[in-house]
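In what comes next, chain A is part of two complexes: it sits with chain B in the first one and with chain C in the second one.
On to the complex of A and B.
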């Protein structure tokens, strides 16, 4: 049974391997032009070229910095709004409808407005990343706080907890799993937004998205492909790392 | 003789921060009405009850007789009622640390360990960290959970979780402890054992206890006074004094007679 399971697991690799085989055949027998699909060898050579790898890693660093700046801004504002909406019914009734309406706007639809307000430089991209990070945090925090069991709140009331102590000792820890899930989503969305912003909002930046766009303009499919592979790897890696955090933080709920 | 008294066990087992005194509880003409679909529904009617300091009183009755509502009013989670509820002569208007409650579900916070859960009761107190740690340790010993300090609630059996909940409610040194069917969800063996434990804790802590139960034998086994409630609206049918000495014997004819008396009032 166990072996069969592993069999099934490996079936996931059939398609990628077939693709790689096709790639190899296509480039070796010149079925397609090398500007569409770069031969393996050339990709490998480019990766070893110090100038190419330097531009890619400088780009990665720049994009990552913007990701951190933007998500820090979006997450902190999102936490404040989420806690506010979760704790106060009045605040929820006042702000809630506008927030949920704004949430319906597809994130990329903000770009023309953002470029009009903040230009097409770094600030605009950071704001865009912040916006992407903002929504999931507000939703997760709000839901987490609203679903704190009343039984736990009564424990705090019987122990004469002040509002601050109630928040610190009961409400936030109870909402923590939901908030952390939201933070994970938020960081992933921020990464999409950081790259997306570089693709869409002006190429005059040094992020890895811009490096990829420039490679397209300069007819360097090898750099383009390396850039895309690097972006995907960072996304996969972030996902893997972020998945481990709740496992450690919330040991108390695992059986 | 003094040597025997000063063995480490004797010194450490009784919590040192003794409460000032056990509370006297007085309910005068307490009535409560809920609004259900715009119509008034009377849940409590003219409850008059006196609980002496250090007394163990149980409230028994079928479901819907407002037993739990009475406890919620005393602890201050619910404040809307007619009549007066007095603790040591002072009216109750909100929750207070001189009153404590053990719920039917243990309500331990799942993200805190046993000792952190028990320490929660002292979170707002001005005790030094050393005193706090000592008080928590004493109460863990009191309820017999030594060795489980670092366990999370999900790792505990129902009986152990309820012991931890009892320790959390006692750590604040309340004058009165309210127990809302604390043993109802436990298997019968654990239940018998925890009944003994409750008696031991009561006699050591000398705290006033008011317990709600629907188990007649449990009520007669534990309490000084059994208050029989009638349902819809909840009202007191009869108070029956249990003047048997502890430890009580469940097969003793006198015990059986009292149990029978309570059952007759309940099924009246």
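On to the complex of A and C.
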């Protein structure tokens, strides 16, 4: 029993539990208004309300669809540009500075421009998600290809590999871990970009971010809280799952 | 940057090219050859400057043609010259200075507080296993949720004034800084710490004389990341909920459908981001020069 107690890392749970206890006390004794901090009971009630949970899950589905569309677009464009920049020095010198200049613009600064060009609908959000997914993929692919060990390239040269073979057999496998990390990063980015775009662009559309913003306008802190918790949980879950993928994919490296 | 040989040349005679070239250089040059060598050098330098400008020039040309011949309506894509004029108007009218000033003041406050807290937290997490075991797990949990996702919740709790912005900037700065600082401290070679222990340094001296200098490179990269995050997240909050600042100026321009204002703001935000990044990199390499050429 004592050993179990030592192995179980209880200390990490103290802070979250203290926070929850504070929340419970604060709502029970009305230290703060219930329009700011919702009592647990009310939160539980509204989570069970079919109307509320339906709107949240429909929103989640819509946001997730946009995430997939946008990141598919951004990742494929990013891979093409990253491979191009990594392989060709001329191309790098030509496009690289422009790319890095564009990267300096804080990503949310593109939203007003994108809403003007693509409207407030789905297209705008998909383009924004694609943009968020695009940058990390380009960077990761570029870095991965640039840091292929010279010796590997020399082996290819000694064996007189053709360009395509060099790319397929040496450069891409060697750059793969870096690329996979970049993909992981870009998917997480795109999830929060999708949510952020919905927050900014607003209530007219579907998506869980819009549900949350609508809840803010309708003074429903319970829905707002549930929505934010759901969004965060999806982000954390994605992070957990995506972290497992490279471990599985690159088992051969450790051997 | 380290130059790698390109994979393009498939010939096997690469090692033999070197002496051949040296022989050619060693030969006395007559006038014509000096002239040719000069031209090729000019070409090389011009290529280095001109090549990066090709893409922006093409883009500008396309933009100019598209707006002049009205392929795209003026209110969707303003002319380049309009954007330049608007920039002049915003500068002389003081709008840009006021709003940019408000944003930069927020950045200064946010990064001062964020860097202080982030360093303190990072040192505590990296130095003390006890602190790490109590707050490490919660911190890592919170770190996975970007402040962008929490904005509606924070608006509900903190309102939409400066407190909200300060909170978001501080969070954006503390997380990368505390992580990299803690990592940097944990990765200090054990020998250094042993030296400190042999000298029976007090805990405070140990931190000041051994741990901070040892972790300085990671701390710097953390500060750079933290400040970049401060800027990005401030722009996001200002676009979402604000009454002044560069992000507000941009949304205002969007609302009255003056995309020239929006484009000017995008440019200014990019330039500020670049100055932050470039300046901090310079500062970093300058301050870390004592570590030697190898680093």
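Assorted remarks:
Everything below uses one rule, namely that the second predicted complex is superposed on the first by the 245 of 255 C-alpha atoms of A that agree within 3 Å, B and C clash if a C-alpha of one lies under 4 Å from a C-alpha of the other, contacts with A are read in each partner's own complex, and residues count from 1 in each chain.
Going forward, contacts are C-beta pairs under 8 Å (C-beta built on N, C-alpha and C of every residue); 3 or more make two chains touch, one makes a residue touch a chain.
All figures in this text were calculated on a predicted structure; none of them were measured in a lab.
Once the two complexes are overlaid on the shared chain, A:57 sits clear of chain B and of chain C alike.
Of the two partner chains placed by superposition, A:31 touches none, neither chain B nor chain C. In the superposed pair of complexes, A:192 makes contact with chain C only, with no contact to chain B. Legend: residue contacts after superposition of the two complexes on their common chain; A:40 is shown touching neither chain B nor chain C. Of the two partner chains, chain C is the only one touched by A:14; chain B is not. Look at A:173: by the touch rule set out above, it reaches chain B but stays clear of chain C.
More residues of chain A are touched by C (comparison of chain B with chain C). In the superposition on chain A, A:22 makes contact with neither chain B nor chain C. Once chain A of one complex is fitted onto chain A of the other, the partner contacts of A:225 are limited to chain C, with no touch recorded for chain B. Shared interface residues of chain A (contacting chain B in one complex, chain C in the other): 157-158, 160-162. Within the complex formed with chain C, the residues of chain A that make contact are 9, 11-16, 36-37, 87, 89-90, 93-98, 101-102, 104-113, 115-117, 146, 148, 150, 153, 156-158, 160-163, 166, 171, 192, 195-196, 199-200, 212-213, 215-216, 221, 224-225, 227-228, 231-232, 235-236, 239. Residues 4-10, 12, 14, 47-48, 51-52, 54-56, 59, 76, 133-138, 141, 144-146, 148-153, 155-157, 231-232, 235-236, 239-240, 247, 250-251, 253-254, 257, 259, 262-263, 265-266, 269-271, 273-274, 277 of chain C are the ones that touch chain A when the two sit in their complex.
Listed in rising order, the residues of chain B touching chain A in the complex are 75-77, 95-97, 99-101, 103, 105, 107, 109-112, 120-121, 123-124, 152-154, 172. Those residues of chain A lying in contact with chain B across their complex are 151-152, 154-155, 157-162, 165, 169-170, 173-174, 176, 250-253, 255.
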